[in-house]
Amino acid sequence: MMANILTILIFFPVLAAFFLFLFFRSGKATMWGAFIASIIELVLTMPLMTNFDKSNPGMQFVEKYDWISSFGIQYYVGVDGISILMVFLTTLLTAIAILGSFTYIQKRQREFYIAMLILEAAMVGVFVALDFFLFYILWEAMLIPMYLIIGVWGGARRIYAAVKFFLYTLAGSVFMMLAIIALYFKHGSITGNYTFDILAISSQSYGGGLFETLVFLAFFVGFAIKVPMFPVHTWLPDAHVEAPTAGSVILAGVLLKMGTYGLLRFCLPITPIASINFMPFVAILSVIAIIYGALVAMVQEDIKKLVAYSSVSHMGFVTLGIYAFNQSGIEGGILQMFNHGIITGALFLLIGLLYERTHTRMIADYGGIASKVPVYATIFLIFTMGSIGLPSMGGFIGEFLVLVGSFKAFSNMAIIAASGVIFAAVYMLWMYQRVFFQSYNTGLHNLTDMNVREVIYIMPLIILVFWTGIYPETFTSYMHESVKQLVEQIQSIKVAMN
Amino acid sequence: MGQSIVSILPEILMTIFGLMLIVIDVMSKDEKKSGVGYFGIAFILLTLLASVPVGGFKIVGFDQMLVWDSYAYAFFIVFAIAYILTTLGSVDYLKANGINKGEYYTILYFSIIGMMFMVSATDLSVLYLGLETMAIAMYIMAGFNKKDKRSNEAGIKYFIIGAFSSGILLYGLTYVYGYTGSTKYSVIAEMLRTNGVENLNIKLGLVMMLAGFAFKISAVPFHMWAPDVYSGAPTPVTGFMTVAPKAAAFGALIRFVMVALEPASVQWQLFFSILAVLTMTYGNLVAIAQNNVKRMLAYSAISHAGYMLIGLVAANDLGYKAIALYMIIYGFMNIGAFTILGQLKNKGIIDDERLESFAGLSKKHPLASLAMLIFMFSLAGIPPLAGFVGKFYIFSAAIKSGLVWLAIVGVVNSAIACYYYMRVTIYMYFKEAEYDASIEMKPASSIATFIAVVFVLLIGVFPSFFINIVKMMIV
Amino acid sequence: MTLQHYLALSAIIFGIGMTGVLVRRNLIVMFMSLELMLNAVNINLAAFSKYLHAMNGQVFIVFVMAVAAAEAAVGLALIITLFKNKETINADEVNFFKG
Amino acid sequence: MIELLILLAPLAALLINGIFGRLYIKNNAHYIAIAGVLVSLLVSLITFVRVMGGHTVDTVVYEWVLAGDIKIPFGILVDQLTAYMLVVVTFVSTMVHIYSIGYMHDDPGYWRFFTYLSIFTFSMLVLVLGNNFLMLFVGWELVGLSSYLLIGFWYEKKSAADANKKAFVVNRIGDFGFYVGLLLVLVTFRSLNYSDAFNHEAIVHVKEATFKVFGANLSLLDLMTFGLFCGAIGKSAQFPLHVWLPDAMEGPTPVSALIHAATMVTAGVYMVARCNPLFAEAHITSNIVVYIGMFTALLGATIGLTQFDLKRILAYSTVSQLGYMIMATGAGAYIAAIFHLFTHAFFKGLLFLGSGSVMHAMENDLDVRKMGGLKAKMPITRWTYLIGCMAISGAVPLMSGWFSKDEILAMTFASGHYFPWFVTAVVGGMTAFYMFRSYFLVFEGTPRDKHKFDHAHESPLTMTVPLILLSIPAIFAGLVFGLPLENGIIHKMLSHVVAGHGEGGHHLSHATTYGLMALSTVIGIIGIYIAYVFYVQKPDVLPAKTAKAAGPIYKLFYNKWYFDEIYQAFIINPLVMISKFLWKGFDANVIDFIVNAFGWVAKFLGSVLRHLQTGRIQTYIFSMVVGVILLLTIFYIG
């Protein structure tokens, strides 16, 4: 069973969705069915995590079957230190998102839960795919369920947001397809064996000329839109604000990580020389993203939009870490991806709870609700502090490692990025104060505190946020070897270059 | 002599079955006319099995006038798919619109014979005959619904412009014949190779012939007829017309261009690359501005011709194999979409194919709208659906022959195209119902849609079976 | 009478046919000019066949004529049905579809 | 390894109170909290004795952050400096815990207050006990969190909600500098452990190195120490970032006493003292530190003169005293700074708790103009408050304040900083003046508000006992630890930590030390006398007259040198304006405009091209003919 655990992880949600589609008629039954399926999926990731051999930098649980032999395309999956945390994050957040939307989704529940399960399968697939064709199919296949989730169950401007999300991501990934095909032929012409196997293609160097720069740019555009990096981030606030709670949890928790995961899996190993040449450019963009995201978050009137812009700022840290090309930078980046998933996922769940009760997300409509909902206020405070990067929580460790890594690589950038720490405190606390403190805004009614169910599904996130803060080694131990291998590869090329 | 008979055995078989169809039509009672269609399906499947070219061999007949090989057979599969799906899809449509006549199926059947000749022709005269057989059959089909003014207009327009374009084709053909001394592709190629393209004023003939072909595949400067004819013709016929005749035209064009005009490849590559860019861009842009789904799909058919032209411009074996595969996939998704469109009845005041009549459809008909969603996203080329495999193959052919700029134009166009395909899903899933439009999926059309959906998903995920069919093709 | 003369003649007739189709409003006249164009093609074919001393040109003429006949039948049928419905065979009235 | 217990006890109290407080423990949360803090106090005292015996501890509990070449442990370091800090923190914290029982008696959030107190104690102990810079930073931020929670305890009040956000953000600005300093330490010494960062050869080796920052080539050590010092500016409310401390008075008085007087604000001083090996080598930064400390002392004192809110007066006096300590560290007198920190914690805690009991008696009204003659009604509070004033003024010999403050003055004078010495000596007089001004206005003279005076009554025992207990060290701490001058118990113990380059530098002859001490005592006494004349003999005449005479200067001091207004105008408002511009202007108008433009252009082109389709057969055929002609021309030219 352990050998093909990955295939099970990918296809179990799809089969569950198909099964629900055929035999479950009522919304409620599908809801519970989907929840159980997602729990089983989460439980299935446990053996993956425990049997993972932390000392082996290469791919594990590898499965390779011929798919389209005439084109050298295989069904080739495997997981290594970089992607294993993401798989766990995906299954965890999906299970929580499904449990979280029991009361939130009222109309057309059946289609919602089926879309969520298919989305989960596609996301897990993207993180474990080792064949370009399989990766690209799952990368785009993920768009349809997400588009439907935003579009059908979203808020007022959901259609604009759904279309914008779809076309924005598609425009980026369309060039990626060309780059993949170009790589396929170039690799074929150099080595004679035409294949889409990522590891084979990344082990081959492409001379750093115009070809490699163009391929790098094509990949970079596709992933930068997904991260989102500075100039191409405007789809994120719209998509987040309009998406239902579960949608924005998955969007923030997992989809953003695909961009940075792509940078790590594709841009760095396959086009190292171009990545090194573009290092200052990407670093500047990341720093702008950090400061810009924080500043704009400060003046938002809508809580969800504020958290969305904060995601732009946090992901700026991740890309800064990755492009520092050293062990602490990249490990900090990956850990920050994991933490951001937990913290922002939790924040969106909490905002969703508030929205379910008061049906408004405008900060001005709130005030002094801490007295009415103390438990909610405390949990929200925990995650606000997590998002600011308070020590004893994961956010701090991730940010610290990123800053250490980037300080070694480009100290000026790191100093400016460190100032992001101030702005993070400003916008989160200003929002927290206007919503929770000061005098109670009588306009609010039926504001009831969190019930047991809601506390239960937030509890794992609370535990994880403190766990990554107090003993991060449990998570960073997975990635040490794989990141070291990647860093050595890049350093050797860097040395060769100058 | 024996070998010549064998080379046109499939056509002979088809003709015999066609005549039997006419007899069946005459014998069957009025309401049982759909039986003719089912017989048609049976006959075409029989011919399909009977004429399998074992081991990719080539049967050259009539002193190299036509050839039956795996190339022609692959296109025959496309015609068969188009015929079967259209027949299944149109049984209910014909009953609903009161034009339930047997001739519908027989004329459709005979048009396929014309297409088969076109595809297997290696001589200009056989090419012309096949072309005209198909064209005349299509004129009738376009104007089939006598009582409906729109169908009449479609028929007339298609006839006049079609006849004009075949006039131009013929005129070009005469010059090609005149200056190369023969109508056989191999001889033409030989003459072009020896005398070169420049000194003979064959260019005039070439351009006019290619213009005639461009009309058939609705490439942009010659596409004006397509939107009006496709919107006017009865919906299942439009489905058929966007697939089968176009496939036949591409089949004949590839063979003519790759064999006969092989030495003049620089010229026709330039010719078709201009056409490809214009066709894709024009087709996509105007499709966005449409608010009638049928007309929108008409323009999308034009844009898809543009994508296929990229395969042609690539001028390598991967190119034309990609076109054949694209045609198969396009057949399934397009005819599937038109079948559903055909079944859409809108009791509201406006004509039933408007976008607004799709509003809120997913609540009333979840299965039908799910199928429509799959077709739309497949047409847009989103994985894991078949459309993506087709586009992927075409772009690989383009990049293999170094046409990166054309691939970029193609890729940008498919991104623009997503918008109008998505608009249908927006109306179906995100908007509330405005008119009480409804789709009653009768048994026949639901089978057609089911087959189309299954194949679109199947090719999307396991394309190797169909790629192997296409792989055996050699021009 | 060299080949160029015949080609010139057929080109002239072809031009007349084309302008006929473009200019005239009546569908029947347009249809006749189409036939004119086909005849121009036949002249060309005959000229080339004589010039190349090869019979397949003339055989081709027979094909063209057969096709023209079939086309005529179908075309007139379509024009008649149009007339029955719209009481007009003026090409400009046939513009329900636009944009 | 019982030192770990110091940490675990408040942690346990915090968890128990935090999780079960709301539903089960409710109003007897104080038992658990006090138990936790008492355990820490006892163990701290034991450790203090063991440290006096020379037993220091530097162990690693577990490997905390591992990433490639970076290994940062979670470790405990107990040496002389930590021992003193432990005693101060745990003792004052216990007093405040006991005091809060009475003070917060009928407050609905009773359990929440004690949970926050435990959080604070735990974080302060982490800060003090850590054996590397990252632990220091963790304690630093957690202490910032607990001050945020405690200042904003009564969050219904908008002023409290503003104050706690302001405190956290201003601290965070300081922490940004700290972060950069930390990164510099890590990059230069390749580890954050104190043992690696402070070993002498490594520092000497790095002495000349420079570091390129934004083009400028600055000396590495100076940059690093300045970064760390920025953290201290933020946390210990020094000159540019002092604005948050007066607003922090919004929190309950025990909080002000514990955090904003005794322990948290001194974290900055502790950090500079802990990093004395680095600061000693960084001469430019040390000078900066001296002048910032001096100016803050002046700033605090001048504003303190004019305030009428009792807690604001004490807050500004804390700012001023912190200025003294920072100046001492700048001048190299680390031991004097820690000594003053040690004594200040007791008498300032005492003063704050005294003001708390006055507030309690006057129904939470703190305006000194409404008080007067309370000595009759509140004898214990009066006497303890008087002891506090005498200690802080440095005018009464043998009191704890007198020893530590005068030593700082002597050391600054000895290290050649004459101007700062002169300024701070004058400030010493001002301190004496405004402390006794507050004493006379509150306790002496005739009561100005009859109604309030009648209701005034002595605070309950739970509040007065801590006052008495605190007044003992306020009197004797100086004597016990300070004698003989400059090598008392504290000097001998701390010299281990500041070995080599602390005191060695510049010794004064005994004559000058005594002379200086006498001078500052005289200045103190003059200050008290002036206060006596102003507020006891002619209370209604003199203050008003001098205020009018001083005119604009008085208004400058009264309005806190307009710093709040300056920051609001020049930093906060422009920042908000820029971000609004970035959001509305750039995000919405520029990027989204381009994105929507693509869609709009496609639609526009579509609608334009659409009209080519006229519907007439002739135009279609004509377009075909044109097409053929165009292609022919291309072929003939091409």
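By written order: A, B, C and D. Residues from 1 in each chain.
Following the convention adopted for this analysis, a contact is a pair of C-beta atoms (placed from the backbone, for glycine too) under 8 Å apart; a residue touches a chain by one contact, two chains touch by 3 or more.
All of these numbers come straight from a predicted model, not from anything done at the bench.
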item	value
Chain closest to the assembly centre - both centres taken as Cα means	A
Dominant interface by contact count, named by its two chains	A-D
Chain centre separation in whole Å, for chain B relative to chain A (CA means)	43
Whole-Å gap separating chain A and chain C, where each centre is the average of the chain's CA atoms	66
Distance from the mean Cα position of chain D to that of chain C, given in whole angstrom	98
Chain A and chain D: spacing of chain centres that average the CA atoms, whole Å	38
Junction residues of chain C, two or more chains touched	18, 21, 30, 91, 94-99
Residues of chain D whose C-beta touches two or more other chains	599, 610, 613, 615, 617, 621
Chain B residues counted as touching two or more neighbouring chains	156-157, 160, 164, 227-228, 289, 419
Chains grouped in pairs wherever the two touch, ordered by label	A-B, A-D, B-C, B-D, C-D
Footprint of chain D on chain A - complex, ascending	164, 167-168, 231-235, 292, 295-296, 298-300, 326-328, 331-332, 368, 370-371, 374-375, 385, 390-392, 396-397, 400-401, 403-405, 407-408, 411-412, 414-415, 418-419, 421-422, 425-426, 429-430, 433, 436-440, 471-473, 476-477, 480, 483-484, 487
List of chain C residues in touch with chain D within their complex	18, 21-22, 30, 91-92, 94-99
Contact footprint of chain D on chain B as seen in their complex	156-157, 160-161, 164-165, 168, 203-204, 206-208, 210-211, 214-215, 221-222, 224-225, 227-228, 267, 270-271, 274, 282, 284-290, 416, 419
Interfacial residue positions of chain D with respect to chain B in the complex	599, 602-603, 605-607, 609-610, 612-613, 615, 617, 619-621, 623-624, 626-628, 630-632, 634-636, 638
Contact set on chain D toward chain C in their complex	610-611, 613-618, 621-622, 625
